[in-house]
Amino acid sequence: MRILLSNDDGVHAKGIQVLQQALSQIAEVTTVGPDRNCSGASNSLTLINPLRVQQLDNGFMAVNGTPTDCVHLAISQLLDFTPDLVVAGINHGANLGDDVLYSGTVAAATEGRHLGLPALAVSLAGRDETHFTTAAYVTVQVIKKLKSHPLPADQILNINVPAVPIEQLKGIQVTRLGRRHKAETMTSATDPWGRNIYWYGSLGPELDAGEGTDFYAIANGYASITPLQIDMTAYKSMDRLQTWLEGIRL
Amino acid sequence: MRILLSNDDGVHAKGIQVLQQALSQIAEVTTVGPDRNCSGASNSLTLINPLRVQQLDNGFMAVNGTPTDCVHLAISQLLDFTPDLVVAGINHGANLGDDVLYSGTVAAATEGRHLGLPALAVSLAGRDETHFTTAAYVTVQVIKKLKSHPLPADQILNINVPAVPIEQLKGIQVTRLGRRHKAETMTSATDPWGRNIYWYGSLGPELDAGEGTDFYAIANGYASITPLQIDMTAYKSMDRLQTWLEGIRL
Amino acid sequence: MRILLSNDDGVHAKGIQVLQQALSQIAEVTTVGPDRNCSGASNSLTLINPLRVQQLDNGFMAVNGTPTDCVHLAISQLLDFTPDLVVAGINHGANLGDDVLYSGTVAAATEGRHLGLPALAVSLAGRDETHFTTAAYVTVQVIKKLKSHPLPADQILNINVPAVPIEQLKGIQVTRLGRRHKAETMTSATDPWGRNIYWYGSLGPELDAGEGTDFYAIANGYASITPLQIDMTAYKSMDRLQTWLEGIRL
Amino acid sequence: MRILLSNDDGVHAKGIQVLQQALSQIAEVTTVGPDRNCSGASNSLTLINPLRVQQLDNGFMAVNGTPTDCVHLAISQLLDFTPDLVVAGINHGANLGDDVLYSGTVAAATEGRHLGLPALAVSLAGRDETHFTTAAYVTVQVIKKLKSHPLPADQILNINVPAVPIEQLKGIQVTRLGRRHKAETMTSATDPWGRNIYWYGSLGPELDAGEGTDFYAIANGYASITPLQIDMTAYKSMDRLQTWLEGIRL
């Protein structure tokens, strides 16, 4: 098996290094990641400037772009083969609920899926970096399963793993995305020159973290796996919308 | 009615200026956009650096960030009121099918929706800028309808309008997202110093542009309105996934 | 006379707008400036990415680059004539002593000189923006003198003007660069996510602000004019410059 | 002896790695460099955004800023001691004549000098990276001499070394800066979307490369050492420097 590995924290992050080592036990791994921390990059593309690739001493390739750029560039230009799987992570911190919309790690997996490949995103839900190995272990187990249970063509898997030793992990749950409150997450300040600046601050508190959500699974010591679909069409609303559009005169 | 207007082509683009003028006929409009072209920004957030706001002579506010930053910053910090609606556009060029995943214009609307407000994204499907007025006219008509037909809380509208005079517009169709081929869209080149660079190139050809899609509507002279949902959970796959996960040993 | 005007605070800054209006009284002015604030840009060149130009409604051209880029691009590509003079400013804040090494405004003038044109940089030594007109007035007077007293081929003029009404200006002095203490100008902090960050802080206190320096002139209510060789005070030109300056009436 | 080492090609460049190894034979070396290629950065400062530091596996520190930022940040915040010397390089490519104005490598040395430390910049005048060792050898020899022949407080040394094996190096010459033609160095093109872009192109041809210049020395197989006052050739130091250079054995 050949795996393309990327992330959004950048090629120098510990999470991608731990995952590269774990995946190398079961596959041939090519690692192409951003040269800088791209947390919050979502599916952004670098359209204004060209991309450049730097080969690092450890065999990783660093790209001056976003996670989506890395996956797209690797598959369309850098690799002389088509990988069997795209893996993104291990993200430093959780990607739960609404986070997935902004996550560059989830976006890297999404881009792999757009380009026709099965893909999954992995995040460590916690700050204790000694437990990246737990997330790596879960990832390897899921990948082994994928061989006999292929993903639908328009879906990826979003995996979050609690930052605990593997023997404390309660299990794995299939979940839906929860929801965060979004208000009040930005702060204003002044820079040292007295000019107004604004920073995104803490993540919002949980709004929907009920049973069945990814938040709930993590809070109870389980890894969560949420299947995500790529097509955003709200099919259920189409008929209703058609009805009221009929009143518009052009 | 009070409208927050943003885009991804930047505050200096013609599309946002035409739309600002049209919306000002029916509402009080506050315009907060990126100071640079952010096409392809998707839902990216500026997390590493602080944001700054510049008040321009025409009353617009320019932010050194992404479309998502603009909407988030405006609602949480810049405005002393809560707008009734978030509008993003008029995008220079179509946002059809897979494009929505990467579009900063669609992302601006999505951010408005995340923050609890009805939102819509508008794009001109074509290059002839004299027809921004057609897209602006359609937008105004849709907004008038929204008053009596509110959007569901987890949806936005993605509107594309052909670049034709209003009298040539065939009508408005409710559509689903089509799909593009993604392969072969990147090119390699060398910069003037002989170093390898890579550029995203042309959009991929259409893969699913059949009847019912936004591609099909535009190709036939109609404006398309696609309702988009924000929650990406692939609910239909959850049971199946649960089944095969049970075989994983931890 | 045809003047190329640039700055480092960006095309939207008040200083460049006031100067553009003043210079338009005596010359045909083309304004090409950075699309963002580039304070501290020094002579930096944008070598990794390509440059782009945007024509603004007020006739200015905005470049996604540095002050040096703006001047180089204008002269080598954008203008279909060779300007007679390059003017940079009015900078928001002083450019005294060591500041000139880091100043993008001084760099814009330097680039003009490198490309074979007489050039001068103008800064308002103070924060009260109502007095940009004083700096603009002094600049116009100096330019008038330049016609009959050309600058040596390897020199530019660095002009600083106190932020006072023109009638309070004591006069103009030819000066040498003073010197600042550089220590203790950086501060450490944490961003809202608890990560270490570092900011440049206040300018260092003056180390050499004795009589004859630009610091001294400004502190005593005079505008300072320091002739700069491409890189440092051109002492040999000071006497000659003093002679012709005496002819300027304020 | 304790040396602060930086560059402008970035911490991952081969030149800084070769120099770090060579300097470690004679001193305790701390390496703090930009996380990206900053060629052409000149003395630019990052004033709008905060700086961040990343500790790499090889002991180097990477800063998301310019060479000047790296040196300033290291001395004022990162080091708990004051280094004895600042060294910048080995630059990939020559820094001759006017190049020094734009060079981030020369700027890194300049910043060290501004902060009170002796400093030198080293560049490989050629593309054959196998000969970085020649430049590293020359640098070590010069540093050994500096102990007994301290630099004046307002000067740095700018060293260029031909890309040849050490045994082919003709010697070391004290030089003055030559001069390049600047015209015709920019090219216009279109990006894959048909939009106008501009690139800096080849370096200008030599305008003053006569005997005594750094260009001349390199062209004739010698390493050049040009003493720079903070901003220009320090002619008065040339004789004295020549004297002690004669003691260097190659």
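We just call them A, B, C and D in the order they show up, numbering each chain from 1.
Criterion: a residue touches a chain if its C-beta (ideal position, glycine included) is under 8 Å from a C-beta of that chain, and two chains touch if they have at least 3 such contacts.
According to UniProt, the chain labels map to these proteins: A, B, C, D = 5'-nucleotidase SurE.
No experiment lies behind these values; they were computed from the predicted model shown.
*Asks:* Hey, how far apart are chain B (5'-nucleotidase SurE) and chain D (5'-nucleotidase SurE) in touch steps, shortest way?
*Replies:* Step count on the best path from chain B (5'-nucleotidase SurE) to chain D (5'-nucleotidase SurE): 1.
*Asks:* In terms of residue numbering, is the interface formed by chain A (5'-nucleotidase SurE) and chain D (5'-nucleotidase SurE) classified as same (over half shared) or different (under half shared)?
*Replies:* Homomeric contact, same residues on both sides for the most part.
*Asks:* How many angstrom lie between the centres of chain A (5'-nucleotidase SurE) and chain D (5'-nucleotidase SurE), each centre taken as the mean Cα position?
*Replies:* Computed from C-alpha means, the inter-chain centre distance equals 40 Å.
*Asks:* Roughly how many whole angstrom separate the Cα centroids of chain A (5'-nucleotidase SurE) and chain C (5'-nucleotidase SurE)?
*Replies:* Between these chains, centre-to-centre, one finds 46 Å.
*Asks:* Taking each chain's centre as its mean C-alpha position, how far apart are chain A (5'-nucleotidase SurE) and chain B (5'-nucleotidase SurE) in Å?
*Replies:* Inter-chain centre distance comes to 22 Å.
*Asks:* Can you pull out the residues of chain D (5'-nucleotidase SurE) that are in contact with at least two other chains?
*Replies:* Those would be 36, 47-48, 50, 52, 64, 191, 199-200.
*Asks:* Where on chain C (5'-nucleotidase SurE) does chain A (5'-nucleotidase SurE) make contact in their complex?
*Replies:* Residue positions touching the partner: 48-50, 52, 64, 187, 191-192, 199-202.
*Asks:* Can you name the residues of chain A (5'-nucleotidase SurE) that touch chain B (5'-nucleotidase SurE) in the complex?
*Replies:* That would be residues 37, 39-48, 50-53, 66, 68, 72-73, 76-77, 98, 100-102, 104, 107, 110, 114-116, 137-138, 141-142, 145, 148-149, 152, 154-155, 157, 166, 169, 171-172, 174, 176-177, 182-186, 188-189, 191, 195-200, 225-235, 237-238, 241-242, 244-245, 247-250 of chain A (5'-nucleotidase SurE).
*Asks:* Quick check on the complex: what are the chain D (5'-nucleotidase SurE) residues that touch chain A (5'-nucleotidase SurE)?
*Replies:* Contact set of chain D (5'-nucleotidase SurE) toward chain A (5'-nucleotidase SurE): 12, 35-36, 47, 54, 56-58, 62, 64, 193.
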